[in-house]
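Below: a set of structures, written as structure tokens.
Look at the two complexes coming up: chain A is in both, with chain B in one and chain C in the other.
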Partner chain A sequence: MSAISASEKVDGFTRKSMRKAQKQKKSQGSSQFRTQSSLVELSPLPQLKDAPSTEQQDLFTQKLQQCCMLFDFMDSVTDLKSKEIKRATLNELVDYVSTNRGVLVESAYPEITNMVSTNIFRTLPPSENPDFDPEEDEPTLEAAWPHIQLVYEFFLRFLENPDFQPSIAKRYIDQRFVLQLLELFDSEDPRERDFLKTILHRIYGKFLGLRAFIRKQINNIFLRFIYETDHFNGVAELLEILGSIINGFALPLKAEHKQFLMKVLIPMHTAKGLALFHAQLAYCVVQFLEKDPTLTEPVIRGLLKFWPKTCSQKEVMFLGEIEEILDVIEPTQFKKIEEPLFKQISKCVANPHFQVAERALYFWNNEYILSLIEENIDKILPIMFGSLYRISKEHWNPTIVALVYNVLKTLMEMNSTLFDELTSSYKADRQREKKKEQEREELWKKLEELKLNDTALVQNNSHGLQNAQNNNNNNNNNNNNNSNSHDNQDKSTAVGVSTDIQDPDITTATTESTTSAK
Partner chain B sequence: MFERCSKSWRAQRSEPGGGADGDDSLYPIAVLIDELRNEDVQLRLNSIKKLSTIALALGVERTRTELLPFLTDTIYDEDEVLLALAEQLGNFTMLVGGPEYVHCLLPPLESLATVEETVVRDKAVESLRKISQEHSPVDLEVHFEPLVKRLASGDWFTSRTSACGLFSVCYPRVSSTVKAEIRQHFRTLCSDDTPMVRRAAASKLGEFAKVLELDYVKSDIISLFTALASDEQDSVRLLAVEACVSIATLLPQEDLETLVMPTLRQAAEDKSWRVRYMVADKFSELQKAVGPEITKNDLVPAFQNLLKDCEAEVRAAAANKVKEFCENLPEDSREQIIMTHILPCVKELVSDTNQHVKSALASVIMGLSTILGKDNTVEHLLPLFLAQLKDECPEVRLNIISNLDCVNEVIGIRQLSQSLLPAIVELAEDAKWRVRLAIIEYMPLLAGQLGVEFFDEKLNTLCMAWLIDHVYAIREAATCNLMKLVEKFGAEWAQNTIVPKVLGMANDPNYLHRMTTLFCINALSEACGQEITTKQMLPVVLKMSNDQVANVRFNVAKSLQKIGPVLDSNALQTEVKPVLEKLATDTDMDVKYFAQEAISVLALA
Partner chain C sequence: MDAFKLMKELKLNYEQEVYYLPRETGLSLIEAATQDDSRISAKCRDAKVEDLWSLTSFFGYSTQTFVLAVNLLDRFLAMMRIQPKHLSCVSLSCLHLAAKVTEEECDLASGDELIRIGQCRFTASDLSRMEKIVAEKLNFKSKAVTALTFLHLYHQIALSHATDRKETLSLEQLEAQLRACLCRIAFSRAKPSVLALSLLRQEMEARRSQDMLEITHHVQRHLKIPDGELLYWCDLVAKCLSDYASPECSKPDHRKLVWIVSRRTAQSLHSSYCGAPDLPTIPEGGWGESESEDSGEDMSSGEESLSSSLGSDGDGTYFPLHLRRHLAP
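Let's turn to the complex of A and B:
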């Protein structure tokens, strides 16, 4: 305590790595709630292979029952002999179910599931490290792994045994069993999650009656992860299983599956630890789009809604996913989302973080995306031009500037007339934007005044109000003058004929109020 | 949607009799629409945050007929915008025309209560709860209750979760038929398919029980409580523990044994540590709710088990409750229960393997001495205190020291002083500055309890050593500590013991230490009085105005400003003024600034 190292004297904070190193020592935990007060010492049973075939079944059951005894692995000195006997027995059982045929008689099923449940189903312990960072920290490993591993191994061999009959097993491997299995996916031990993944996959494949239930429970786990706890260790593993489940969905997709995509998978992109499972998540999303291309528009709009605002690392991942989607997109779907999408891409290209900008600019190396851009150059060039032009002059990173020049060159080749037009109007456009911005600020100021006036003199016409009125109209006029042509079109189609009649009214109103102000 | 609104806005405009008034009050909604269209979320957020301004400008009628429908229709946006909207609408009653029209706010809030994002939904529910109080009983049945029903039977889990929070606010003020329906809906949600909904229901169970008639508590709530407490998900079961407190408070004593205790016993031995943790965490509340008899028979053994739990998390939560639990034991058997049942467990916890458990215990264990009295404390508790004072974890030692006052009242601190000293010295030199800071904060208290003699002999050097700590926060706290000591021991003591040492530091080669002298003078001048300040401190401060480090010089100016009021006008005019005037012409701009400030504050110009 009193011996303080020189480095600590200088810096009161211990380094994160040092604190980690201390933690690392006890990275083992076990969670088996030890209710058994006095342990009976195990005594070895004869080998199965030595027993006469008539007694084998009995001996098998006895061994299964023997393996239901649990041991405290946090205490590495007690029960050494019994631990060893159980380990050897489990090994023998693994061997027995994987090499022998005809050993899975009906009466063995409840014994097997009972042994497996007793050993693996437990409440996972509290994390040793409350701010566990799966990317940096070593996970806490399950202390009882020498036994638990063999139990998992045994269960897997049992499921994969050619004699395995789901019709008998479904009495024991039921919803309750699956629910407990799913809860174990939160284990911090990656070895355990890996076994669970394979086992759940087998169960999903063999038990048709449990499929909907499994999907629903995964759904619940994800929703809880997204909206309640923000913590679940097995998200990547569950997504991996889902990836192959989605692959097998029949067409047309059920509403349930679409809802899962939109209400679970897309919001999942907001999770703090996205980096840990993004690859699997993106795979699932792309699987959906390959199944049903009409989902492209809602998916991309969803991603744009949850686009990261402050985390550059996540932004790079989003861009990666967008590229994966664009790789499989249909040209008709592309047209539907090109505008909002390229508005976002133009922001990314201009991102001061060079990795974000670089990732976005790499889109122009993708032949298919390039062909989509070329087809729609009239729409895309005006959106992209401002950002590209600006950063070609302003970005701090020379690599980005070089990339931008290439992109500009490519775009120019696609439509040089439009490119020239945009170049010549660039300055005027920026100034108009600035002016608009100023006017907006003015407007809000006026509105504040209006609030004050309103509280002071109810329903009284003040000058502030009138001025604000003028400004507003100016603003509208400006909008009409310089807004993009398609904007106007949209409006007129929506409002219909009435626009034509009402627009002059506005002009009259403007002149009226202007005169009355003067 | 935007089009629809802007159309109606335009239509209004062209009305022949619309007049100037109409135009003006319509103008804000046009701004809002324009802003809500903006691509920049921040701008959309700004305009939503100024919604009340817009509503005020529109007047109540237009707010009801145009603004609210517009908001209800355009509800799709970023969650951040929706959150701001949900919050604003909770305060909108006056803006739509008072309680008479408050139900106009329900449609937009209903949509917000179905959003996925939890914070938005919770805020919408909060606002709905708020405005429910402003509904008349009739409106509550006509408008509010149907909304609750719709939410409760919604397809997606979000609306059902939101419904859970609304039952209790409308139940007391509706007719008995509607009450029956509400109970039925609540029952359904308690056995919902989705764990999220069951969790929401379980967390509102206690609140709902409070507004129910006692008969229904017994018939309805108990069965729901029992079911939730044995849910397959531990995240649901643990919420039932919370409800247990409210339910037990509502029931007459004679019913507790049959209706509540079986469930509570089961929770205390649940196979999930989360549930057991919850029981430990709520133990004092549970104890009060079930009364003394059940406490004696049931809770004492349960508490012993929790103190011995295999999960450290649970032990720590239980250890935290040791004092409160003992305090609330029935007086007739308190001492006996503590001595025979609780103390043995506590003794084991003192040498627990987990430091969080030990430090939780250390933060409350001293409180036991007042309950057990002098003799028991000396015989049984003192050895534990001493053991904890030697614990390897600084937090444990610190927690003991910070609660010394409880023991002081019972047995006096002298008993501990032999062990106390090494513990204090070690903490005073701990590598973590937060630990050092914590121990400094207890110095005045310790000094008071240990007396001036003991202090001078043992602790004074420590207090002076902190003045030259390498962390500023420690030096600052040490300065403040000196002031408190002087307040305790008097000016004379200061003059003899600390002032010479403080002033000696003015010649230290390290400018940070020289500045510490100034900070100490700032803190001490008032407590030491005019004479010491003028005769001993002032000359040192004035001399330091020639320091070669600018930071020291401008702190001289600041110090002079600080101690000026303690000095007499003669000293101010003849000694302070010339120095400040000189500093006001310093080459460093900061020195000049603070010198000028001092001159004007002390009115020396």
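Let's turn to the complex of A and C:
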């Protein structure tokens, strides 16, 4: 493995390139470590298309059973012949199920599900790369993909076959099956997840009895992801499926679904890896709001509650989501959340990170949002005005300044009177602030002067003891201090009283004040 | 300044103002022009003046700068026939000229900045050339007598007369109203003294202050402004101000504005919305067969829901295939 020194681990900026170079390059993983007790070779069976119709059923079953034999793909040289036989057989099975009618007899169902289970249900190997960053690193691909892909393909065709009967299949495609299927969504291989997504989608569609179970298990996965592990590779795919489910919700929405939105989807926005699945998540949220607009207020308040404070990339995503929500919002709902929302937008607009500011300002390019703002200009303009005006003078990025001009001009045209009022009150506020600042400066200056006067007073009026001590110490300090007006004074006023009492506390205090007064 | 001096100053400016009026014939031509490409129309000019106000406000320039800029613009447009495509350049150069004589050095925005924010297509050298042309044609050195001059004078006069009264006349509000009027070319015909006086009078009438109205009468008599003229402009001003103060918003024409965003933001704008997924919608509620889960079930219930969500063959589904044979009844 990589040899990262302890100091590199502490320093947050270890170069990934270095680490990668040190690591052994292995991009394939498979946990199919079930070793056969003996090397079993597959014997090729006759083709299905050549077999007479009476024997086809049996041949089909035999082939299915043959495909239950698993091979180790980590070793790329052994069993090549058998692997090829299995691959060809699987291919044949895919064709057979796709093109023929009447092949799905009742006895075939358990064989099919058994073959599929044997092949795909496996414990996923731990990630090769412990610091796997889904956005940057290449995923570890499944080594046995040549076979597994065909198994998935086969299973999908099986589900989509016109003769498929859920009433029979549900005996075999049960909760345990679905649970194992869901666990596979954690695979790093995106091709596998893509298949799983489509398969689970079909299962959800056809097996009404499993729907509640599937929803519940997905909830569990998400909740574990959000609150416990912060790791799951299949969030985007599951959200895509949920999107099509939410789209089909009946009205009025069930309480269960609303709870799901508030307890799972909204908190999911806090995940670190939001960028991987944000598009799908936003889609789900918007779908919910299109189904039931009364959910707008809790959703927006939820998003505002979880608004990112230190991650600008996330903030940009949140702003994108807010724009999508505003695109479908009803004007009455808008009125309920306009104040807290625009308070946040006003902060975003003034954000020193230019992408955040830009994204927030770009809202004013959206016609529908403009019309909403226009209707509620008397509430919104006072909230936005301060930050807009301030950053028009202070922001470092010229593009932002130009965009702010656009926004201010738009707002001005909406309501000139209010705009003028706000301008003059803003200017008046600034004047007052400036005055206060000046007064503060004056005060500090006065204090400085007073201080100098005070120390002079202290040294002049203090009893001889202190003076003498000062004198003694000043002789020492002469080397350290330049322009010693006070020292000179002391020397001149000091009567030749020499005392040996040296109280260190007093002397240090006075000499310190002497030095600081300079 | 005492009342006597103020009145003297007033008279002086009144005599001067005629030199700073835009040519009537020129203004008529503009007002008569239609919306074609060859001439500047009233609507064109008005829109441009509004832009000038936006820029003034944005850069923090004073009303004086704005009023002066509009004055220069009107005089120039009334004198010279220019093509609409040059209007931005002319108006911006008027603004820059006005800012240079009115604002402090430190508050002055550069020509480049003006052009960038105003989203104009010409260069800084074009701008300075145009400035020279305007200054030359109008023989502009550093000042002009505008409605604002008179407004300030009237305000001071009113203050000096009303020192014992508690009512304060807001100069800022009057300035805002003047700005609103200047955005319409009709008011460019008015003599600045009359326009300012009409504004003052409107304000007094709105406050129903007899004493203040007295002051306007006094000024009118002093300057020998005919009643008819004053009333005419008062009417127009009243109409304009009622539009300005109305709560109705004008729909902003944001086709004019260019929204330039950085490359990264533009990219993320395109890719962020995933749109409709490629998975078809699954409608809720079966086709005859109802879901075994109860609709109002609480998500937090654990094992109970698991067992109750089993399909109609309760015994078969939970147990794996190879075990089932042992358990079959």
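Couple of notes before you dig in:
What we mean here is this: the second predicted complex is superposed on the first by the 401 of 518 C-alpha atoms of A that agree within 3 Å, B and C clash if a C-alpha of one lies under 4 Å from a C-alpha of the other, contacts with A are read in each partner's own complex, and residues count from 1 in each chain.
We take it that a contact is a pair of C-beta atoms (placed from the backbone, for glycine too) under 8 Å apart; a residue touches a chain by one contact, two chains touch by 3 or more.
Only a predicted model underlies this, so the values are computations on that prediction, with no experimental measurement involved.
Once the two complexes are overlaid on the shared chain, A:298 sits clear of chain B and of chain C alike.
When the two structures are aligned on the shared chain, A:176 is found in touch with chain B and with chain C. By the document's definition of touching, of the two partners only chain B reaches A:125; chain C does not.
For chain A, the partner with contacts to more residues, out of chain B and chain C, is C. Within the superposed three-chain model, A:190 lies out of touch with both chain B and chain C [touch as defined at top].
Of the two partner chains placed by the overlay, only chain B lies in contact with A:448; chain C stays clear of it. In the superposition on chain A, A:267 makes contact with chain B only, while chain C stays out of contact range. In the superposition on chain A, A:227 makes contact with chain B only, while chain C stays out of contact range. Touching of chain A by both chain B and chain C, each in its own complex, is seen for residues 176, 263. Taken together, the chain C residues at the contact with chain A in this complex read 50-51, 53-54, 57-58, 60, 116-117, 119, 172, 176, 180, 244-245, 247, 249-254, 257-262, 264-265, 268-269, 271-275, 277, 279-286, 289-293, 295-299, 305-306, 309-313, 316-318, 320-321.
Residue ranges of chain B in contact with chain A, taken from their complex: 3, 7, 10-11, 13-14, 20-21, 23-25, 27-28, 30-31, 34-35, 39, 43, 46, 50, 53-54, 56-57, 59, 78, 116-118, 156-157, 194-196, 199, 232, 234-235, 271-274, 310-313, 392, 394, 426, 429-433, 470-471.
Touching chain B in their complex are the following residues of chain A: 1-2, 4, 8-10, 12, 14, 31, 33-34, 122-123, 125-126, 176, 179, 220, 223-224, 227-228, 263, 267, 305, 343, 440, 443-444, 447-448, 450-451, 454-455, 459, 461, 465, 468-469, 472, 475, 491, 494-495, 498, 502, 505-506, 509, 513, 516. Against chain C, the residues of chain A that register as touching in their complex are 110, 113-114, 170-172, 174-176, 197-198, 201, 204-205, 208-213, 216, 219, 240-241, 243-245, 247-250, 254-256, 259-260, 263, 278-280, 282-283, 316-317, 320, 324, 354-355, 358-359, 362, 364-365, 370, 374, 377, 392-393, 398-399, 401-403, 405-406, 408-410, 412-417, 420, 423-424.
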